[in-house]
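In the two assemblies presented below, subunit A is common to both, partnered first by subunit B and then by subunit C.
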Partner chain A sequence: MKIWIKGFTGLALVTTVFCSAVYAEEPSGILQKSDKKFIPEIFTYNMTLRTKSADGKVDVVDYNGKKKHENNIMVTLNPVSARGQVNLKNRNVLWSYFPTSDTSVKQSYQAIILGTSVSYGDILAIELSRDYDVQSTAENSSLSNDAAGTNMYYLLALTPKKGVDGYAKIFIWINQANFLPVRREYYALSGLLVKSCEIKSISFNDKGVLSGADELFYEPLKKKETLVTFSNIIVLNDIRDTTFNPKAMKFFSGE
Partner chain B sequence: MIRIHVLILLIAVPVMVFSLDIRANVNTGFDVQSFNSNSGLYPQNLLQDAGVTNQGFDCYVNADIILKSAIGEIGKGFLDVRYTYYPKTFITNVPQQYFNIVEGYADVTTEDFLIRAGKHFMHWGDGAWFNPVDIVDLRKDPLSFTGYNQGKPGADVTVPIGDFSSISALTVVDSMLTTNITDLPAIFQYFLSIDMFDGFVFVDFQQNYLPQYGGNIDYVLAVRNNISLKLYSQIICKENSYREFAAETNGIPYLENMTNSSYIACAAGGSLTFSFTETPLIDGIIIASEYYYDSENWSGGDYKNYLSYIGMLSNNNNLPGYIAALPEEESFRNSKQYIYSGITIQGLFDKDFSLACQGVLNIDDLSFVVYPWVSYQVNLDTSISLGAQMFYGSAGSEFGSLSQQYALNGSLTVSF
Partner chain C sequence: MFIIFVLISAALYWTTGIANAVQKIEYHMYRDSDGDATIYLWGNYWGFYEGDKILKALGGLKVENVVLERSAWGSYVDNDKISAQGNVFELTPENRVRAKDWYYLSSGRLPEAPGEAAVPEARYRGFIKTGDEIFLSVYTPKDRVLNTLPFKVVGVLKMEPIKGFDSILVTKEDMDTLLDSKDIYNTVTIYDYFRQESLGKPALENSLNTLVSNVYMNLHMNNIMTDSHPWCFDIVDFIKQNQSFVTIFRGINILAILLLFPIAGAVIAITIRMLAIKRTAEFATYMALGFRNYKIIRNFVLEVVIISIAGYAAGIFIGAVSAGILQNMRVYLVFQDYMHGPIMLMHTIWDFLCILLFILVLTAVWSIPVISRIISKAPARVLREQSF
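Moving on to the complex of A and B:
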């Protein structure tokens, strides 16, 4: 009997350790863990896009937004000419609403937001694990801009999930110590680097919940950069699903 | 109309007493058009006989003051008042300056229902040019520039169901069909969005008319990482028509009511959107095409009879009859079938530069209109645009019988 108990206990331990090891190395698990660590499930926020063009021109776009799971809605506050425009991610579909014509249109994931170097997908679909599969992973990768070389990173290669619009491939570096993303590179089908994003800073409040973040997107071809700043983050228990209904955009356009 | 404006102000102004968000747009521009004083629609310069002379050039300044305010958690008011000044107008017997309310409405936004009441923009349908299901804004002229558009008085009560569906009840004041409150339609719409599909069905009840009903569906597909395809179609069925058409007996044309027992209109089309991420020379291209059929529309023969009727009134110097007959003709409703095509190029050579060219072909008489347009975004709050409308067709065709052969429009818009 004792041998049975020892044997069963040993088997359970081995199984647990094995499963833990598999989970730890499960690439999609790393991406999901990183998203969960970085981005709250349900929250409201302000977002500022500060775009600097090659000619030095600076454009600023402000939004306030609400995000719940895969849904995300952003109302434009500035520029004045676009105030009241609404961008919505409703499950896998990106929408824009234009109040001066009462028109809702579905947006392409890679369509550029006017005057910026970010696309609708870049700022609405902020949890990559929802829209991308992990194709490969490497541990103990380094980053060229990590001068001290003290951090080790997971390097994941992502491709869009079946039926989901997106970049042909994304490489993301995730700090192995805290699972926070550090850098992303976005590639076209040809393999050309079309955009990069450095996560310049991430801050958390006393409860360990995200309170702010700065992400710097850079388009090497167009020599244009956009600093995306999240601020005024308020984590909530729930937001009504109706907030993310495409027909409700009209009524939120004036917020 | 004055009563409607007063009602809008009564609703909107108290709302504004609370916290105000104020902004403004200034839009200035010019229009140039050729003028044929003896075209099919304007024979023997009848308009000039009515005291209307065409100058071929106008210029204007629009200044919008936009006020917005929230009330508590669920209320909101919006008011857009426009002052328009024409230093020079196309035609002589119109006011050179006036105020109007472009939009003025109040919103109530609760977790269970959403209400908008007042004058506001309404639009239905996914059509790029033709939207026969757009029963809430039927009389919008697709050729009118955005700056001329105004909201329509009406009310919309929407009950959203989760994040994928909704039921709406609406009413809207139509300038031709609404003379008193009992003429207001009761329109019900059900909307559904499932993954890449979305669509709606509706039914419209109105006194003195049998119900009209229809629907719209669209589907978006990511063809490749940087190419998306949108397909859509819409249909409306009705059993009454408010229109008249020109018939002819023994060579004498006359107007009479449409007499068919039912009418069907439909539009179907698609657009391809290309996003260019691998070149700094261009951001995107959108190519669209659309087919439109409407059994309520005049045929090419009806249009010719109408021109004969207009010509007869002209020959008889019957100016009142001519003025009364002019509204019977509606743009883009003079053929049973039309085809629309368009291309838009975004960020060509400069991210702030866009151009587009659209065209509509009347299949019955093969006349067509071409509408090229360019715009430059000086900064996020300042834009410049230049557009043209060029009309081609034989003398008795829809686009060949207009008073214009071409029209140009340039404008500068600044928001602050």
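Moving on to the complex of A and C:
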């Protein structure tokens, strides 16, 4: 009897180790692992969008945000003209609240945040594994901007999950050594590159938790780039679900 | 006197042009564009349904014509100068016929080949012009993925009061590519007015209302447009609502003529009298030479008619030039919420003939009695004494 229990326990252990290994190598597993490593499940943050237009003009927008699982809410702090505007992702639906007109509207994922080159979906739906399936994977890929050529990358091709709005295809390069994303390219169904994103820096605190990140989005169609900076990240155990209720947007707006 | 005729002709050119434009816009353009009912579908696939399914749903209705079209609402228009939302509308063969009459271009032309687009001026004024490159993005209705295509702007539309006019126009082929589908539609236009017109107006209204109700019911029964918020353009209601508005513009011409006839006529009469008195010596000479009164009157009136025709031509020219300048300055007029557009004048050959006829009648009515009175009532002897 004891031998049987030992055997069963051993078999379970081997199976778990084997499954974990397979999971780590599965395409969706790579994306999930990357998202988990990069983005905490529940946290508050500050975010700044610095947009440089083709004519050299620079616009800055500041937000304060809270994120819990797939939900995300951002309150605009600056510029003054947009202060109090709230953007919310509640499951798969995006909302915006405009305090000047006291109205809430559903937003499209692709709707551009005015004056920037990022869409609401780009900054509210930041965990790609929630909205995209991995269509194909390539290992040991290189990146043209990795001059030293010392790093190897997973190159994943993503397509949106059924029923989810999204880019027709996203290519994402993930560092094989640390599973952190390095670059994303966003394509339309026509094959046109509509946007790219280079993750310029990611920093972690002493506990190994994300403390800040810089992502540079570039839109070749508009010749415009936006540097998205996450800072002051505080990881929390929980945020009340009511925070992400569309009805709460007016409250967070400060109205 | 020449200047008076110039002013009268220019004024009538403007009033007839505006009155014609408004009348056409208010009735024919809406009727031609939106039929008796235009129904924008909502529901599955963001309001898109298979064409066969829609036609099958409406198959039981005996209507003159059903037109299925595609409009990509909530699209995105981008280039290095603008990033905005907009609608994209397809130029089907039916729409091209409509476009010939109702699409006014401030520059360029309508799209002919894939990769070409025309944009509404009112939405993108100052941002997009003919020759620019733009990128149009839509979510494909079936898979809901982003699709973006580059377009060259080949024309800029002037007005936007009717179906499709507020949209960026692209070819049917490009709409197929943008939506990644050829057989789905989200706009249904029903035409049945002319078939039912013989029923008489009250019966027609009831009949069209019944028709629209039946269209809704048939679509609902076939699980089309089930989500709510359907919108219907009912031509009968629309015409009724705006009848007074149209009547005002129809009256502009009549009002102008009623005002111009006595006011301008009085000025013409006084001018002619002054001219005639100044030329009494000349008339006396004609009489001394044996001219009969009617011949002198005829010659004088002929002179006035020649001046009036010259003034008419100059007035029409000035009216056209001033209208052209204002149109190029893109001065916009807003008539209530549903109609707005740049200053636009529409004329037919009959308008020009009517203005000319009015000028000639005005000339004749106000000049012949005046000159006749001066010549016929004054004894030839007096004229002779005055002249020698």
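The rule is simple: the second predicted complex is superposed on the first by the 234 of 255 C-alpha atoms of A that agree within 3 Å, B and C clash if a C-alpha of one lies under 4 Å from a C-alpha of the other, contacts with A are read in each partner's own complex, and residues count from 1 in each chain.
The rule we apply is simple: contacts are C-beta pairs under 8 Å (C-beta built on N, C-alpha and C of every residue); 3 or more make two chains touch, one makes a residue touch a chain.
Nothing here was measured: the structure is a model prediction, and the numbers come from that model.
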**Asked** Aligned on subunit A, subunit B and subunit C: do they clash or fit?
**Response** clash
**Request:** Based on the superposed arrangement, let me know which partner A:57 touches: subunit B (first), subunit C (second), both, or neither?
**Result:** first
**Asked** Is A:150 contacted by the first partner subunit B, the second partner subunit C, both or neither?
**Response** neither
**Item:** Between subunit B and subunit C, more extensive residue contact with subunit A
**Value:** B
**Prompt:** Is A:237 in contact with subunit B, with subunit C, with both, or with neither (first, second, both, neither)?
**Reply:** neither
**Prompt:** Is A:166 touching the first partner subunit B, the second partner subunit C, both, or neither of them?
**Reply:** both
**Asked** Of the partners subunit B and subunit C, which touch A:189 in the superposed model: first, second, both, neither?
**Response** both
**Message:** For A:221, using the defined touch cut-off, is the partner it touches subunit B, subunit C, both, or neither? Pick first, second, both or neither.
**Reply:** both
**Request:** Check each of 20-28, 56-64, 74-82 or 110-118 in subunit C against subunit B and return the one that clashes.
**Result:** 74-82
**Message:** Per the definitions at the top, what is the overlap between the subunit A residues touching subunit B and those touching subunit C?
**Reply:** 53, 108, 110-112, 114, 160, 163-168, 188-190, 192, 194, 221-224
**Item:** Contact set on subunit B toward subunit A in their complex
**Value:** 23, 25, 68, 70, 76, 78, 107, 109, 111-112, 114, 116, 120-123, 146, 149, 156, 158, 160-166, 168, 191, 193, 195-196, 198, 218, 220, 222, 224-226, 228, 230, 273, 275, 277-280, 283-284, 346-347, 351-352, 377, 379-381, 383, 413, 415-416
**Residues of subunit A that touch subunit C when the two form their complex** = 53-54, 108, 110-112, 114, 159-160, 163-168, 188-190, 192, 194, 219, 221-224
**Item:** Contact set on subunit C toward subunit A in their complex
**Value:** 74, 76, 78-80, 83, 85, 135, 137, 139-140, 143-150, 177, 180
**Message:** Which residues of subunit A touch subunit B once you look at their complex with the stated criterion?
**Reply:** 53, 57, 59-61, 71, 78-83, 90-93, 99-103, 106, 108-112, 114-115, 119, 160, 163-168, 186, 188-190, 192, 194-195, 221-224, 240-248, 250-252, 254-255
